[in-house]
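Got a structure for you, questions after.
We just call them A, B, C and D in the order they show up, numbering each chain from 1.
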Amino acid sequence: MTWIPEAASNLAGKVDGVLLVITLISIFFFVLISAVLIYFAVKYRRRREDEETPYITGNETFEIIWTVIPSILLILLFVYGYVVYKDMRTPPKDAVDITVTGKQWLWTFDYYNGKKTLNELYVKQNVPVRMIMRADDVLHSFFIPQFRVKQDILPGRYTQLWFIPTKVGTFDIFCAEYCGTGHSAMLGKVIVLSPEAYDIWEKGIGMDDGAAVSSLPPAELGEKIYKQKGCNACHSLDGSVVIGPSFKGLFGRTGVLENGKSYTADENYLIASIYEPQEEIVEGFQPVMPSFKGILSENEVDAVIAFIKTLK
Amino acid sequence: MSEHTHSQEKHITSYKTYFIVWVALMVLTFVTVYISYLDFGQLNIVIAMVVASIKAGAVALFFMHLKFEDSITWLFALFPIALLFLLIGMTILDTFTRIFPI
Amino acid sequence: MEQANMDHAEGHDLHLTPEQEYGISKLGMWLFLGTEIMLFGGLFAAYAIFRAKYPEMFLESHQELNREMGAVNTCILIFSSLTMAIGVTAIQRGKQMLAGIMILVTIICGLGFGVVKYFEYGAKFAHHIYPDTNIFFSLYFMMTGLHMLHVFIGLAVLGVIMVLTFKGKFNEKYSTPVEMGGLYWHLVDLVWIYLFPLLYLVG
Amino acid sequence: MANHTVATNVYVPFLEQKGFLSWFLTTDHKRIGILYLISISLFFLIAGVLALLMRFELMTPMSDFVSPHTYNVLFTLHGSLMVFFFIVPGLAASFGNFLIPLMIGAPDVAFPKLNLASYWIYIVGAIITLIALLSPADTGWTFYTPYSATTDTDVVMITFGVFVLGFSSILTGMNFIVTIHKMRAPGMTWHRLPLFIWASYATAVLQLLATPVVGITLLMLIAERSLGVGFFDPAKGGDPVLFQNFFWFYSHPAVYIMIIPAMGVISEIIPVFARKPIFGYKAIAYSSLGIAFISFLVWAHHMFTSGISEVAATIFSFLTFLVAIPTAIKVFNWTATLYKGSIELHSAMLYALGFIFLFTIGGLTGVFLGALAVDIHLHDTYFVVAHMHYVMIGGTVMGFFGALHFWYPKWFGKMFNESVAKLAWFLVFVGFNITFFPQFFLGIQGMPRRYATYPEEFESLMALSTYGSWILGLGVLIMTVNLIKGLFSDEKAPQNPYGSLSLEWQVPSPPPTLNFDKIPIVTDWTYGYGKKKEVDA
């Protein structure tokens, strides 16, 4: 682990430049003060009770020096920080737009090409992206450490950020603004694809729908989806109640709904709960789950159900 | 107890001064209500605030005897108002210079 | 020992002269008024922002308010400030009866202000206007409500001061509580001087 | 420094009188100081235990000790109790109450009864907040809307508790300002005042003028939840960021309400144990006022990523850098005071030196967060957590512990075990650094704060931090036991064990009920240590 995460966007290097300069200046002053402090504490330690000390009340030259030099340094740091900030806040004209919606506790991405993904953001290497962001409920914050970008997203208003991903790979998206019980599970991935791979993805062959994945047994595919699409933020596998009912022993369970009716968790009920989650809420839970219509294909829903069936 | 105590000679304001201030306040109240029926566009709020500030100034200076207070009282009377302007000014600046107009 | 404890129980007697107590109380009062300005300040700041954001809503909503009632209340409050100021000068000149009566008139005016406000709020509720109707009325109810709370606190304070004045506790040598009560009451007036045009006149 | 008249009356220590009422209806500033000291220490210990529970949960990536919701409640309570019940009233109310009248040569504060009322308002606020624990809030101590307006937990009660508490803070601030203006002993001019008084004055101004803004903000939040108004609700035309503007307009100055008194304590301890006049008295004195003033101008640096405008962010970033200047001046001056001194490493002095060391780290990492570009990356990560704790624990709490050890003999007339105190200091210092220094790296790595669970790559540093918290906890425990044990020791403290020139050391330990038999007449400043040359005098 290096002291700073990998620099995977055009902005990262610039931010690291400022960070490095401030770090060096800070280390210099810290070492200076600590060294002087320790040196004085040792050299001038009290040896006898009746030691005589000089009456020094100040020294204007020194005081002016150590007021002016830090002031100049601080102003320079401000300017450096501002110049990079300006860059970070000014998207280029040719950036492609991706709309981000944050909701307790998942991310949805709507692409300029009409695609829609959940918790996984696909971007093309070396192509500038502008994220237009909005929240559905409370504050969230879109944060990719490797890109050095972060922006709070708010209900009722749009905010933006931009970056050029420079490295192919998969990086974490964190929610950095506290948003409630599932805050720490509101994780996403940004997947930077090479231009060729991106074209394949864009043509509609989602990576997960590709031959390699769809050849997985349904239950394994379901487990993969469970983690990727954020089901794990609310549904545990060990019987503990997080936000929604646990998946453990869910299949075939019977119980009472908020509206007083009873239910049996069979295939039909589970499909309906994924596509129309607000319709039938199990007693004691909040209607907070979003619809996965258009996000999960029928095959994928089948896979998730197959996965749930394995959890006795 | 302290070096400040010697100069506590109170200033007593006369009834006459109060009446004059009161008449002025009533006139200004009438003026501000009257003007509110006319339409000066954006100027309305400016006029209303100027009139209100004159009234508030009169109350503070004469009814509250601020005119006769020492500098430390003036400081603590004016500093909160400056802070209030700071709060209003900077929140407005923020609200109306955001990228996406609301 | 017992003697010393008695001294202490008497309230850690500071042995202040009336002049010293006056200077201390007055500075304290002004500091407290500064706090009050900042307390209302948050609402004034919210008002400024939302008015700039939604000028039409403010214009439309403020017409629901009763300008005449507001003006009447302004006059009542300004008059009460006058009587309070006269009361202060009266006690400074040692005229206890006049001072007491003036404080009484002030209290009556304050009650009158409350009665008018009661009818105003009643009329709003009758028109189904509540604090959650829109932001203008949220501000209206919160600002006037907080102001009203200050009026009530002022009335309670002045009530005590009036009783003590009639009892002859204050005179030209010692009138500090009357003056402090007066300062507080003028602040209530001061806030209203801004609330009235902001809410009733220019919306 | 003072022509202190020899006692003519019988000496009655202020602790002499016993009984319930003598404490609960006392208007003696020293006793009220003790009441505050006990109350804030209790809250410090409670909130500290909550912190240990959180760190325990964070030892592993999964939520295996408490559920995510419980974790959120824990950090909300830890933050609220520490901030509003310990550190804001903390030094200002406990040591401020005890020391201000003694240091300026007054029999008491200007409004003794109001002082008592302030304390009871504090207790009422605390009780309301404890009632709120029946359904503890999970909003974080910042109560950000819209989450705080929509969560099922009891936000109204806890914010109302804090609202009530605010009045205690306001009245205390007012009381101290008037006291410092009007109650100084003859000859105690502004430029002879101990620097703790300057610090208390600056703090009091902040308490007086910043607190009402958070009061009205919390009131607006309460109205939002109970009356359905929509100041902060976008669906009703409100603006959630406005809440943050209002909240930080108070809470940034509040940071200085917390730290400035500690700076004052350090300015008292260092000259005494170095036997040197404080270096650059006026610079330190006026930098307290300067910090207080600038602190009103920098609030939005907590909001660079919150969706405020870029113009506002730029202005606030610039102003933020300005606040570093008076802070740097203080650090340099404290260090320079040691030059050619006769330094005794008493436990109080160790805390003071620890303060300079840790606060320097806290201050310098503040520069990272003030710089716009870097803040974008570091905001809302563990870097902020570490920075804030370096300022709050490394600064304020070190100052608080230093003050406890320094004025302990004066306050209680007893001595604690100095060797144990040094051991406790060592554990606190080491434990603190092990706990929080790794968090800087966690933050730079991108670990967001307020996470109940976290990705596995952070596990080793998180575990290290947890081990450190145990050492820190042990250190605080030993210190507490040592100080409490000292109260029951037979060792009587001398009047002036360290040879201080400040007025409070010129009266017996513990001070008599009315402080001074006769109001002293001050003839020199507080820091006349060392051998004067003719020119300087």
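Things worth noting here:
Please note the rule applied: contacts are C-beta pairs under 8 Å (C-beta built on N, C-alpha and C of every residue); 3 or more make two chains touch, one makes a residue touch a chain.
Quick caveat: nothing in here was measured; it's all calculated off a predicted structure.
The most centrally placed chain, judged by C-alpha centroids, is D.
Farthest chain from chain C (centres taken as the mean of C-alpha atoms): A. Work out the mean CA point of chain A and of chain B, and you get 49 Å between them. Distance between chain B and chain C, defined via averaged C-alpha coordinates, is recorded as 15 Å. Note on chain placement: the centre of chain B and the centre of chain D lie 35 Å apart, centres being C-alpha means. Centroids built from CA atoms put chain C at 51 Å from chain A. Residue numbers of chain A whose C-beta contacts span two or more other chains: 157, 159.
Of all residues in chain D, those touching 2 or more other chains are 181-183, 209, 213, 239, 241-242, 246, 307, 310, listed in ascending order. Listed for chain B are residues 1-2, 4-5, 72, 79-80, 83, 87, 91, 95-96, 99, 102, each touching two or more other chains. Note for the complex: chain D touches chain B at residues 106, 181-186, 209, 213, 239, 241-242, 245-246, 249, 296-297, 300, 307-312, 315, 519.
Contacts from chain C toward chain B in the complex involve residues 16-17, 19-20, 22-23, 26-27, 30-31, 33-35, 37-38, 41-42, 44-45, 48-49, 52-53, 67, 71, 74-75, 78-79, 81-82, 84-86, 89, 92-93, 182-183, 186-187, 189-190, 193-194, 196-198, 200-202.
Contact residues on chain A toward chain D in their complex (touch as defined above): 1, 3-5, 14-15, 18-19, 22-23, 25-26, 29-30, 33-34, 36-37, 40-41, 44-47, 51-59, 62-63, 66-67, 70-71, 74-75, 77-78, 80-82, 84-86, 88-89, 137-139, 141, 143, 145-146, 148-157, 159, 172, 174-185, 187, 240, 242.
Residues 67-69, 72, 138-140, 144, 146-147, 150-151, 234-235, 239-241, 274-283, 305-307, 310, 313-314, 317-318, 321-322, 324-325, 328-329, 331-333, 335-336, 338-345, 353, 356-357, 360-361, 364-365, 367-368, 370-377, 379-381, 441, 444-446, 448-455, 457, 527-533, 536 of chain D are the ones that touch chain A when the two sit in their complex. Interface residues of chain C facing chain D in the complex, by the touch rule stated above, are 1, 4-5, 7-9, 11-12, 14-15, 20, 23-24, 27-28, 31-32, 34-36, 38-43, 45-46, 49-50, 53-54, 57, 130-132, 134-135, 138, 141-142, 146.
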